[in-house]
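Same chain, two partners: chain A is paired with chain B first, then with chain C.
What follows is the complex of A and B.
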């Protein structure tokens, strides 16, 4: 035994040396310095992090959304961890690229459930990816919180393990827009939509909504998704059209707007679109001048509005958005503001659900689903910067405010906010009656 | 068929059966999916690898099987097994019709014509969205995913059924390529003119090969639908035609084991690389370039060239 050992044993007692005592003190001081970080988690039965699997559209057609969905999710996780995590446990985001592909998305869910030990999965946007992956979530009994805005959840085609508590669906969005279109813009509407599922959601829901609001659809023009030039479609617009309703998306949308501007010139009808067309696109891009004075639906305003409450500014700061809805570090990197807030809100719903269920382990997944199903009103605030919402536990779908904005000087200015009460429709399913 | 042929292929089948009992949950699921997709690749290999028909439209056959099952189950509540047989019939019929038209061309023209047929099939799926639900696709109802008391959504049942389907497809493929009919297909691939001079009905053989290939691809598509519960237009898109080509080229075109090896290799390459970096497609791309440079005949093809000359 030498003098360099930190402790010596004499007569069965531990005799601390000076160096050993200093080491212990130093370790104690270090631990005390970090106490605010770990002390928050000490009440948890397990210090293991809660792992949330995030299926990111990092590649494929959803990549622009995926990038911003991840940034928003990371910011929300930082906030939640800063406030003590969930049930005293830190939260960890486990990100996997699903390639915006249904097959890969199903594999990713398997990875979350069986390999990464994730407690829940969340974050999928594109509807075909959700529909392709949801059956696996049901088989794996993995809570799957989607941020998709498709009507597939509320329509009843999925299962009890799939929920959409952070973003409203297309059906409620359209029904909220129709009265504004017919009351303010005009009664005779021609719709131009992409000839596939996203467009069909609009086609199928707009006509009854417009008719219920006292208007009529005078033209309906489906454009194939592979189309790159649109001039041949514009002559199909009936002459008596008062409002053009467009939901074109994809890389050709800039061409679509430019060619529509060239076709109409200064004497255009009123134009109403869904911002999905121009998410992640700078409204001051060349060719988009034609959109000045037209209207858009937004799930949450892209541009910082004059009357924005503190919790909205806090959310934007946390995500890293400037006043124009672009990245603070790169003004040309425009966000997907109208959708990505759903990641923030969904993560807060997961937190609230886990706390209500007393969630401790994957054994409590069913209790988590039941806890979320029991949720109703979600007040606007730091957890719900998109506005006050109402969750319907039977249909697993949230209803919330819809924003109607006008392009003024290359910026979107909110003209009207439709409250969630005006966006609700009768239940089409009762998931709570289904077995787990 | 030699004893060595049988031993090597039955060995793979036995190995996959043994894996059912030892694989961890995640890899168990991956292997089930790989086996179903390998059946698709086996189907493609018969057309491309053995007969030399470079098709860029095989996803339409996979999609025909998938939608045959999907529409039968979803709209007509037809149970899994009869629905799968309907899917098989859809694939065979489509392959026959496409073959009768497309085989009037050859080489690059055949490739383009099959690509166009596949694109037309894809757009038909989108067009009839009332029945197909467009690119969102269909979720097969749970009660339609059972064969008797076997619940296909159960992990173990699914693995064993995928294994059974793969085993049948693999042995069928082995039998076919060792059969005189299969040797004629290879002759067509190597020198069609000479085969014709020898008196073979080359057009009929190519059509038969395409129908067999399309039917096996449809078997995989139908099985995928009923086993994994989802039917989607993306599976009928050009990407899935290219996947089949890629899997077969990587594994070894014109080898019986190549399609399985190709699917397995690509699946795990993407899976492992995505865990290392977000730029995993770059890693996959570099590995593919290296494989093309140093093993141009694919993994199993290279094994055959170097070590095992009579590997089927």
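What follows is the complex of A and C.
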């Protein structure tokens, strides 16, 4: 058989040659000869580190987030290893730059699965990157724990291998914020949002939430996330606007907020922003004085609050945050506090999931997903410094507390905390009914 | 917002863009005019100017300078540094290629990536702000018919900042200076002679190679100066050169490669239309129209509005 096919050189079929066949045989023989060695490796595998692939936005528009996501993840892994690792095995972070680019992120997942033999992948933030990479995770059957706050997980757009157990999604955040906006700030809302997936979550969910709370959206302005100059967008804001709702991302967020202040001058409407508009940006930067008295959503408070529990200060110390939410080694290096805690919490969820599933090797990946799907209440504490959360295994999405903070004297002070119970909405998908 | 104040705001925004574009594109145009070299790395010199402005102001802040002193230092030093880097690149790379147009394009593409990635490695992936030397919000008045005849009032949102006005004025002054330099000075004469006929200029004892290095450096310095002027408004970021390069090419093609006057006119045209179309419609439409204009110019007037046909 081997000889006959090797003669028909022109056929388009795969043509095993005699040499190739011999090689395969030799490899098989070699493998058979080393069988005892294999067996020894298997028993030693329990001492092998568990490898967690971290797709870091080291470059591109998400770079500031990437830097802090990595610091938080490293601190969390240090803590987990200090407490004995996972199932008695040490944990190792394998970091790759995905360039905040969906195509690159999919390649990074492949690298995690096929080259660096990672057990799981984790840590992606930007929603277009998650949406672009998650299908590959499904094909690779690689558990993919994202920290993105996009609604794409809970909307049913992704697959059974992608989960978001460490950060809440935009839809629940908005449902918590809308009543506050209409009750306290005003009924006529103009929204400014980035013109891509994450921004559309805001666009699609804010209008119903505001209308349900008795207000209306009078203007809706989409700005590309790579934009560098913003004044030209602001005249589209209707004159009767009572509240500006802004959420912006990308390297130019400081310019965005500054130019908004310059546009309004002394006659600004009420302003409610998602802290994304100012993540990694110093609130005391020149030109931001007008923000005093405005409100922000935070996923976790940036500034150390007076009533912070011990586990929050322990988390902040481990990551290296000062009281202003900046790096202890460089006060001008402001963190992405409202998002990065999700890395810490997600890594603890992975640990809990692996322990519940008795995770031994990549063979147990499916068991890990099922173990996480079985999770429900996550009590606030050292593993969940962001507050008590509820995980919904069907939608692969966690629900948690939302913070509304006011800028007072250049600092964010928490005014209101909305507990997870008030942010739940009916399921839109049941991932557990999907096949692996 | 009412139509009148709306239009005025659009024009102010457009004028700032036009000023920066005119500076940057005149550098590109100067290099092409004299050397017949298409410099694809031009946008990176703009980025490098902004980054250097940040570096210089950080350094000066360490010495305890105020924002104004720091900014002046940046405006002087950043173009000088970037110009020297560009002149060195000319001597080390472009000269070795004998300024062969195709190979120069490939070489400057390489230069683009080297500069961009070096900035990423040295300066980092974050956008960093430079404090403007002065930045007061100026509310602008508007005149309209009211109940008592002509009335002056301050419409909502109609404002600019003193620094934005300064950018416009600075660009006009620099471009006027550049024009005077090219037409009235001996160095300008030598450059124009080199532009008209390099071989003949060599025969008359003009050190053409040195002229080329200086022109390439000066073109980069103009881009860097544009970067310094914009950085208090927009912050320095290692990827900021891409859009700027595209817009300067649009400007230079519409204006006519090598024509300074055409470049300035095209910059005002593109800057203003971008400002006005983005305010009244969308910024995406503004980009579409600019690109369409380039296509139309290339089809119907390939030498550009002010360009001269090749003899």
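Basically, the second predicted complex is superposed on the first by the 379 of 436 C-alpha atoms of A that agree within 3 Å, B and C clash if a C-alpha of one lies under 4 Å from a C-alpha of the other, contacts with A are read in each partner's own complex, and residues count from 1 in each chain.
We adopt the following convention: a residue touches a chain if its C-beta (ideal position, glycine included) is under 8 Å from a C-beta of that chain, and two chains touch if they have at least 3 such contacts.
The shown structure was predicted, so the numbers you read here are calculated from the model rather than taken from an experiment.
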Notebook entry, point to check: With the two structures laid over each other on chain A, which partner does A:263 touch: chain B (first), chain C (second), both, or neither?
Noted result: second
Next item on the list: Classify the contacts of A:280 with the two partner chains as first (chain B alone), second (chain C alone), both, or neither.
Entry: second
Next item on the list: Pick one for A:232: touches chain B only (first), chain C only (second), both, or neither.
Entry: second
Check: Which partner does A:58 reach: the first (chain B), the second (chain C), both, or neither?
Finding: both
Next item on the list: Classify the contacts of A:103 with the two partner chains as first (chain B alone), second (chain C alone), both, or neither.
Entry: first
Note to self: Taking the superposition on A as described, I'd like to know which of chain B and chain C A:396 touches: first, second, both or neither.
What the structure shows: neither
Check: Which chain A residues contact chain B in one complex and chain C in the other?
Finding: 58-59, 224
Note to self: Taking the touch rule as given, give the residues of chain C at its contact with chain A in the complex, in rising order.
What the structure shows: 1, 6, 9-10, 13, 17, 120, 124-127, 129, 131-132, 135, 137, 139, 156-157, 159, 161, 233-235, 237, 239-240, 243, 275, 278-279, 283-284
Check: Quick one: in the complex, what on chain A touches chain C?
Finding: 58-60, 63-64, 66-67, 224, 226-229, 231-235, 237, 239, 251-252, 254-255, 262-265, 267, 280, 285-287
Check: Which residues of chain A touch chain B in the complex?
Finding: 58-59, 96-97, 101-103, 106-107, 110-111, 113-115, 127-128, 131-136, 138-139, 150, 152, 157-158, 195-197, 200, 224-225
Next item on the list: Would you mind writing out the residues of chain B in touch with chain A in their complex?
Entry: 24-26, 29-30, 33, 123, 126-127, 129, 133-137, 139-140, 153, 155, 228-230, 232-235, 271, 274, 278, 280-281
